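In the two complexes below, chain A is the common chain; its partner is chain B in one and chain C in the other.
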Partner chain A sequence: MVKDKATVVVVGGGATGVGILRDLSMRGIDALLIEKLDMVNGASSRYHGLLHSGARYAVRDQEAARECIEENTILRRIGKSCVEATTGMFVQVEGDDPDFVDPWLQGCKDSGISTRELSKEEALRLEPNLSRKLKVAYEVPDGAIDGFRMSWQNLQSAAHYGGRYKTYTEIIAVNVENAAVKSIKVRDNVTKEEYEIECEILVNAAGPWAGKVAELAGLECNVSPSKGTLIAFNQRISNRVVNRLRKPSNGDIFVPHGSITILGTSSITVPDPEDTTTSWEEVEDLMKTGEGVFERLRDYRILRVFAGSRPLYVPKGAEGGRNASRGFVTIDHEKEDGLKGMMTICGGKFTTYRLMAEKFCDVLAPKLNNTAKCRTAEENLVPEVPEADKKAARQYFPAYGVNLAATRLGVEKFGEVVKTLKEEPESREVLCECENVTMAEIKRIASEPTSHSVADVRRRTRLGMGTCQGNYCAIRSAAVANKLFKDKLAESSDSLSDMKNFLQARWKGITPVMAGKTLREAEMTRGMYELLFNVNGGRRG
Partner chain B sequence: MELEERARDTADNCIACTSCIAACPVTKANPEYKGPKLVGPAHSRMHFSDPSDYEDTLMLCSNCKNCDITCPNGVSVSTLNMLERAKYLQEHPEAHRPEDEMLSHSFKMANMLNSIPFGKQIANLGMTIGEATGMMGVMGIAPERKTPRFAATYFRDMFKNIKQPASDKKVLFFPGCYIDTNDPEVGVAFVQVMNENGYEVLMDNRFVCCGSPLVVGGYIDEARQHADTNVAVIQEYASRNIPVIACCTSCSLMLKNEYTELFAQSEMKEAAQNVWDAFEFLAKLDAEGKLKKVAANSSHKFIYHAPCHLRAQGVGLPAFDLLKSAGLNIVNADAGCCGMSGSYGFHKDNYETSMKVGKDLFDAINSDNYHKVVCDCGTCRMQIEHGTDTKSVHPIQILAKCYKKS
Partner chain C sequence: MSKSDVVVIGNGVAGLMAALVSADQGKKVTLLSYGAGTFPLNSGVIDVLGYDDAGKAVANPIEGIGRTADNHPYKKIGMPAVQDAVEYFKKTVADEGFPYVGSLKEQQWLITSVGTLKPTCLLPESLQASKCFDANEIVIVGVKGLKDFYVDMVAENLAKELGSDKKYTTVTVDTYITGRDLTTRDVARWVESDKGYGEFLAQIKNQAGSGKAIIVPQILGTKGNYVVYNKLVKDLGCAVVETTGMPPSVNGIRLRDVLLSALKKKGIRVIENVIAEKAVVKGDTVTAVEAGGEVRAQTYEADKFILATGGFYSGGITMRDFGEYKEMVFGLPVEGDCVEERWVNKQLFSDKKQAFAMAGVRVDSSLRAVDESGNVVLKNVYVVGRNLSGYDFCFEHSGNGVALTSAYKAAKA
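Showing the complex of A and B:
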């Protein structure tokens, strides 16, 4: 049954997909994005959140380096609400190859990336936790970018231009007539209902899943999912991005994000993009390298470990893994395979998502006789919350965190949340004390049509992503969830199961690092939920 | 030298168990306060990215340290609060209250008055007039309170006239501001007790205020200077095997624990090994069989209040134990914080909270016909006399009296 139609359907709610949806919508093309789970649940949130300056690629791939610095500059301008303009450092410690410095400096210069040499004293003053074995340090314009916020803000911008999106909507078949895509069949993963969506062009932007989507149309797309494992620490170890100045390798990037630090990453070729398992060995490997830069790394508390799959595109006969190109490809299946109305975009980097969308849409738009120019670099993703609004909000916010909440929510929703806080004093309750999320914000996000579980709310609010990893907010938000969306829970039938799923997802990231300080917290959680609340329903005897 | 273990890193130990909030007397009395967990460990994670965004209820913390006492994981909660407060006030000088400067720097005033003929008497008269005319409230001081009067002769001057038997066994006394300039009789009693036990008491005029009032007022850099000055003196005496003893439990906590927690210097940690609370030292003598026998022959009934800053030292209740085993009829009030917490209760804005916190203690004291309240801390004693009709006394004064009688 045909239930919906759009000129273009984009499959995949990651950075690539949302970038394309925004670009198409701004060109005036009717587009609909579908995502099989919640938005941004793949590699676009499962990475270190580094807004590359390009310096990491300066030696090996200057084209990528140039793209990075250009996009970095654009995103700092248009994405003020999702970019933390921290700057970054490239450092060498005793034992690192001093001969790597000159070619790297030359590469940065040739690629247009500014570098500034820092004396050892200055570097240690700026970042006191750096190793005393520090030899050289350079400042570069790296930054941090929040994958969740960036993606939702792209969607918000796209929606402003008429773009639409559906979560929990999975493509299960491509209907082809006369060598042209006619429609796709999808399944609503909440209601399990199956239906058709008519379209003129199908865009496969499924990242590491792109091969699977191509298969639905009987095509081949050689994507090699490359798993990257990352560690989240409880605090900011540094206030700037810190890179190891050497040939890119595992565990040499630290990125501060709000209250935490992320250390990454590994690069392991895996057969299945769903494989986001992590192991103690991978953690150990990252820690061993990481403590070269921060000597006391093992004293810092690990919050969790997580992994994502990079969608590396491998042309036949080429090498995968760390040496695979971080560039991206646009495949026009009409040209390549004789199938009209289908295009695939594959590979690429988060930092250059906008440029990828621009180049891709430059190929797509003429097929629809659309000659509009790309405007995504000209306009801010979302309007910023005015300082005056934030100042006024402070008296209702129960604690610090006004700025963070403002960047998460955006002008409209921030205004609504502040209004609720003002009118309903009980909504000022802080449900997530570690990340400072109020009941009002949780209620507001839970009421969104895309929210089906506490985990969905988590990805948009940072609920449960701080020190206690859901220990206190799980039970509190379950009560809110029971009221607000018990009818539309995605993966479970009741709010108790939803709470357990939420905690279980937290535990997935904690289990491989369950030692020391992290273990103590886990025991606290276990004591509360398994013993005190008996959530697993154990009985005596 | 900078220590490896720093209080600001202990935030990582927090398992968010909320014990500190349950134990916090201020949170209980004033729901406006978000509690130690949110202000210290949680907030210290957050503000890094955004120094402008502060939790301003961190000004409500009294630094009583019950959070530190209760924490099962060794988080220096109150010190994190104080470090946060100092940063907050550096970024937002407008958040300073007008009385902060005066309450944190009373040592300056006290020193100045001692150099003017009749300075102290004039100041005391000024306070009497100020209290009568409501001027204290205008200055930000709780108008309900009686401001402590300066002693006619400071302990530092009294000490010069005390004749002590010379001895090879010496201790260095750290009088602290309150005993020195307001309550010198406690110092005199300390000298008597030490002399009875064969010790000669020394003073060193290079000592300055321990810095506790500076820390709570956000003057962290000044507190660091005071710490460095005092630590150098302590180290000098340590090299001569002369222990440093304080009768004020807030001073001794500062010298023993807080310097190291706040500033993470190895010298401070080493110096702390040579600092004792008076009764901690006497209890040690007792344990070694070196304490001169003492018997309390009083028909009166006493009640003991353990200062929070004594409990935070983790040395038990040595004064209570010693007086009880000497035969004194004394009970432990065991009623938590008195609510004064140094200069905290003097702030007009804190007065209500301070009195609410102290209510359990006041009730315990009023529940029976106690002759006196025994308490090691000067500001606790002020609060007790303000909140009840019972007089209070430092345990060293009782001990000195017992020795005198025998």
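Showing the complex of A and C:
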């Protein structure tokens, strides 16, 4: 049964997909994005969150380096509230190859990336936790970027121009007639309902899953999922991004985000993009390398370990893994395979997601006789929250939380939340002290059409994502969840399962690092939930 | 500092009980304490054994202990000491005016702050859930501004435990305290004040009646006695049940106050806010421990030492990296199954014990640490409570039971 229709259907709710949706919408093309789970659940939120200056690619891939520095400048402007303009350092410690420095400096110069040499004293003054074995340090315009928030702001912007999106909607078949895509069949993963969506062009932006989507149309697309493992620490180890100045390798990037630091990344080719398991060996490998830059690394508490799959595109006969290109490809299946109305985009990196969308849509738009120019670099993603609104909000909840909530919510929703806080004093309850999330915000986000479960709300609000890792808010969110989702959920859930599922989701990231201070935290979690709350239920067995 | 007969290191349930029992043997006792121990996180009830190895509820703790594995601390402590320890505890708290109900022969139940039932062995009368089992109507009382006690959630889960044939109603009272979120301790202080009690009673009185039971958070006074509880039961004329809940645990602190009061009466010297850092060892005997903190380290000499510094949570045992265990005072041998496939269950709440939770000091039946061949390492050092290996207290619900009974045995040795 045909239930929906769009000129272009984009498959995949990662940075690539949302970037394309925004670009198409701004060009006036009717587009619908579908995502099989919640938005941004793949590599776009499962990476180190580095806004590349391009310096990391300066030696091996200068085209990528140039693209990075240009996009870096653009994203700082259009996505201000998603970027922490930290700057970055490239450092060498004793034992690193001094011969790598000159070609790197030359590469940066040729690519238009500014570098500034720092004396050892200055570098250590700026970043006191750096190893005393530091030899050289350079400053570059790296930054930190919140991939999750930036993706949602792209969706918000796209919606402003008429773009639509559906979560938990999975493509399960491509209907072809006369060598052209006519429609796709999808399944609603919440209601399990299956239906058809008619379209003129199908865009495969499924990242590491792109091969699987291509298969549905009987095509081959050689994507090699490359797993990257990352470690999140409970504090800012440095105030700047810190890179190891050497040939890119595992465990040589530290990125500060808010109150935490992320260390990454490994690169392991895996058969299945769903494989985000991590082992002691991977963690140890990252820690060992990381210790070279920050000697006291093992004394910091690890919050969790996580992994994501990069969608590396491997042309036939080429090499995968660390040496595969970080560039991207646009595949027009009409030209390549004789199938009209289907295009695939593959590879790339978060920093250049906007440029990828621009180049891709420059190929797509003419097929629809659309000659509009790309405008995604000209306009900010979302309007800024006015200071007056923030000032008004400070009367109702902790001042520290106001900025966090304003950037999470954006002008419109923030205004509504502040109004609720003013009118309903009970809604001022802070459910999550780590991230300063109020009941009013939870309720507002729960009313969104994309919120199907408390887990969806958690991702949007950051409830339970902070340093207590859910210890204190699992019970609170379970208590409100049932009220908020009782009518919405297809399957009924109960508060104990909610609590357990919430903590289980965090547990997955904790198990590979169950040593040091993490052990202490785990004993506390179990002491509270398994013992004091007896969440497994009383009269068992 | 003059020499003691016994130095006890640690001030959780295990440490305080070890000090009390030692003093009863006529010994001169010094207790090295740090902070409030784990009491703010402690339910303040004595779980002996709630669930067996298969996760099945244990109806009779004594029989359950008989079925534990050979390396379980209870097997090393032995049944006579377990029974004597339970009697000793009951007498101690009763003498302090805070008698506990329950016995080793029959499991007791309490209601948690999420509305589940939890098995335990000994508990204050105000927490005894059985009083509401026969009620027709359960009234759940919440408090405005009190986090972590959600009346609807308690009703939802309690109905699953006690049956949906009962009527469940909820009511929320106002403390008239504004401007901040409240903890159970704040509310308990309000309820034990004359004015607060009057305001509280006025708001719930019309809910009471025959055949009803009133469920409240842990708010019936901060002190280890039944003054507020008894008054409320009399004024309402029906059953009243307190729940356990989110830290800071009011009942944990009540138990701590009661045990500290008993300690004081026995003339036990308590050194506050010190961390035992190292031991002075002569051959296989410890002659003293050095303990410091914010003040200069001092040496505490004794003939006998009882280690009650806890596990990973309290920092008595650490593991900086996989397999690198350390017992922090004496460097005693720690055993644990630190193998990647087994160290952590992939499921947080599973039907299996967690290997990491069972890591601890290996001891023999005298509760002294032994090496891999079974030889005692330090002949005058006894190990108690969560310092011990071989049990997962969260899975079994056995924490305070092992703490109490091991402390009793070590003190008697």
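Going forward, the second predicted complex is superposed on the first by the 527 of 541 C-alpha atoms of A that agree within 3 Å, B and C clash if a C-alpha of one lies under 4 Å from a C-alpha of the other, contacts with A are read in each partner's own complex, and residues count from 1 in each chain.
Note that a contact is a pair of C-beta atoms (placed from the backbone, for glycine too) under 8 Å apart; a residue touches a chain by one contact, two chains touch by 3 or more.
All of these numbers come straight from a predicted model, not from anything done at the bench.
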Quick check for you: in the superposed arrangement, does A:G401 touch first (chain B), second (chain C), both or neither? first
A:S259 in the overlay: touching chain B, chain C, both, or neither? Say first, second, both or neither. first
Output check: A:G466 vs chain B and chain C. Expected answer is one of first, second, both, neither. What do you get? first
Please work out whether A:R301 is in contact with chain B alone, chain C alone, both, or neither, and reply first, second, both or neither. first
First (chain B), second (chain C), both or neither touched by A:N239: first
Which of the two partners, first being chain B and second being chain C, lies in contact with A:R539: first, second, both, or neither? second
So, does A:E84 touch the first partner chain B, the second partner chain C, both, or neither? first
Taking the superposition on A as described, I'd like to know which of chain B and chain C A:N436 touches: first, second, both or neither. first
Determine, for the superposed model, which of the two partners chain B and chain C contacts more residues of chain A. C
Contacts of chain A common to chain B and chain C in the A-superposed view 430, 472, 520, 524
Over in the complex, which chain B residues touch chain A? Could you list them? 4, 9, 11-18, 34, 37-38, 41-50, 52-55, 57, 73
Spell out the part of chain C that touches chain A in their complex, as residue ranges. 41, 43, 47, 51-52, 54-57, 109, 112-114, 116-119, 147-148, 150, 152-153, 156-157, 160-161, 181, 244-247, 249, 311-313, 315, 318-322, 324, 340, 343-344, 346-349, 354, 356-357, 393-395, 397, 399
Within the complex, which stretch of chain A touches chain B? 84, 234-236, 239, 256, 258-260, 296, 299-301, 398-404, 430, 433-434, 436, 466-468, 471-472, 517, 520-521, 524
Within the complex, chain C is touched by chain A residues 279-280, 298, 429-430, 472, 475-476, 478-479, 482-483, 494-496, 499-500, 503-504, 507-508, 511, 514-516, 519-520, 522-541
